[in-house]
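Below, subunit A partners subunit B and then partners subunit C, in two separate complexes.
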Partner chain A sequence: MKIAIMVNTGPYTHQASDTAYLFASAALRKGHEIYRVFFYHDGVNNGTRLTVPPQDDRHVVNRWSELADQHGVDLVVCVAAAQRRGIMDADEAKRHGNNADNLASGFRISGLGQLVEAAVQADRLVSFGD
Partner chain B sequence: MLHIVNKSPFEKNSLETAVRLSQPDSAILLIEDAVYAASGDTSAVTMLKDVLRDRQVFALGPDLQARGVDVEKVPDGIEIIDYEGFVDLVVAHESTQSWL
Partner chain C sequence: MYEEDGAPGGIVKKIAYVNRRAPHGTIYALEGLEVVLIGAAFDQDVSMIFVDDGVYDLKRGQDTGVSGIKNFSPAYRALEMYDVEKLYAESESLQKRGLVVEDLIVPVEVLSSAEVAELLAGQDIVLNF
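Showing the complex of A and B:
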């Protein structure tokens, strides 16, 4: 079954990012397809590659990147929410005249249409947040 | 429909809202802080026991354990599941509603 996921809350502030990741992993283990993970509102903070949690803590961002790398999961960050919070890829950074970019591996920046499309194309949409 | 509740009933009234709006064929899944509703001698447990007459109630085991909630005190009828069980519930219900 195709399952889409929405994450509305940032990592390390609330359990939602962890729950969403553990749910996605379990779904993949059971042979389902994660059609897309859409990061909205503070959820876009899941997509910065500059986070450095302590070594004995889980690395929320890298876990998502590994999911994209190993299972081809489409990780989409909402562009408007990302711009507000300083999450950008190289193209966005250039467009806004910024000298740095921080989007993590496996993530891409796109619009809210990607959430709508995921809701239409996937069999299920599950939201996680605070 | 699968109603997913993640707030403690002692913090927000989202569990009560989910219960009120749920249909007899619905299931209610308690995750994160909502698992506090599934233990002890509280008004939340009383409400859930009533819900169990015509609806299913589940609680996410890893979240119970993370909060030190005594699994022995979870009332009969509330099924404790793991993340794989969470996935099965999502698959089994045509739609999900997260009461964030």
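Showing the complex of A and C:
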């Protein structure tokens, strides 16, 4: 089955992002396709490479990056939601005159059309958090 | 702004956007509306359903001046131009909050809770905000 995932909450405060990751991993193990993971609302905070959780805890952001690296999963952060919350890649930082960028490896920034397109193309859209 | 993908491959799905929260207090109503407006480019079969505190999203005469938060409620009037014309409000939610359709900024069809459930059951995609 072709599955699209929507993540609506940031890491650590809520477990929804962990659950989304575990669901995606399990689906891949079972041979399903993850068409895209779309990060919206505070979910865009899953895409910052600057998180440093305690070493004895899971690293939520790196786990997503590894999923993209190992399985080619398309991780898309909503541009409008990201701009509000200070998540940007190098191009965005340049465009807005910011002297830093923080998008984690394996993520890309794009528009809300990517959410609707994924929902239309996939067999199921599964959303996590609020 | 970023280029959005065009309508993919002629597929038309039934998409329901369920608005459950008040216009302010959280960003969900605003960011939900943004999905609907951008998503309109995909020419899908779209319904917007307002339930619980979501019926307040459409309340006329909102004034957010003191809070410093943008009053985006006039944007609901633009939905018609985006061909988003199926707007529904749940009657129980309106009644509990002392609202009638005349209080709302755009025309809606009022559905009972059971009718909303039936509408949702017939959708391909349901997005909650």
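Throughout what follows, the second predicted complex is superposed on the first by the 130 of 130 C-alpha atoms of A that agree within 3 Å, B and C clash if a C-alpha of one lies under 4 Å from a C-alpha of the other, contacts with A are read in each partner's own complex, and residues count from 1 in each chain.
Simple rule for what comes next: contacts are C-beta pairs under 8 Å (C-beta built on N, C-alpha and C of every residue); 3 or more make two chains touch, one makes a residue touch a chain.
Note that the structure is predicted; figures quoted are calculated from it, not measured.
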- Task: Based on the superposed arrangement, let me know which partner A:S127 touches: subunit B (first), subunit C (second), both, or neither?
- Result: both
- Message: With both complexes overlaid on chain A, does A:V116 touch subunit B (first), subunit C (second), both or neither?
- Response: second
- Message: Looking at A:Q15, would you say it contacts subunit B, subunit C, both, or neither? Reply first, second, both or neither.
- Response: first
- Could you say whether A:I3 touches subunit B, subunit C, both of them, or neither, answering first, second, both or neither? first
- Message: Tell me the contact category for A:A81 with respect to subunit B and subunit C: first, second, both or neither.
- Response: second
- Task: Please work out whether A:A26 is in contact with subunit B alone, subunit C alone, both, or neither, and reply first, second, both or neither.
- Result: first
- Query: Regarding the shared-chain residue A:G97, is it in contact with subunit B (first), subunit C (second), both, or neither?
  - Reply: neither
- Same subunit A residues contacting subunit B and subunit C, which ones? 125, 127, 130
- Message: So in the complex, the part of subunit C that touches subunit A is made up of which residues?
- Response: 1-5, 8-9, 11, 13, 15, 27-28, 31, 34-35, 38-39, 41-42, 44, 125, 127-128
- Message: Quick check: in the complex, which residue numbers of subunit B touch subunit A?
- Response: 4, 6, 31-32, 62-63, 82-84, 86-88, 90-91, 95-96, 98, 100
- Residue set of subunit A touching subunit B in the complex reads 1, 3, 8, 15-16, 19, 22-23, 25-27, 29-30, 32, 124-130
- Task: Give every residue of subunit A touching subunit C within the complex, in rising order.
- Result: 6, 40-41, 79-81, 84, 109-117, 119-121, 125, 127, 130
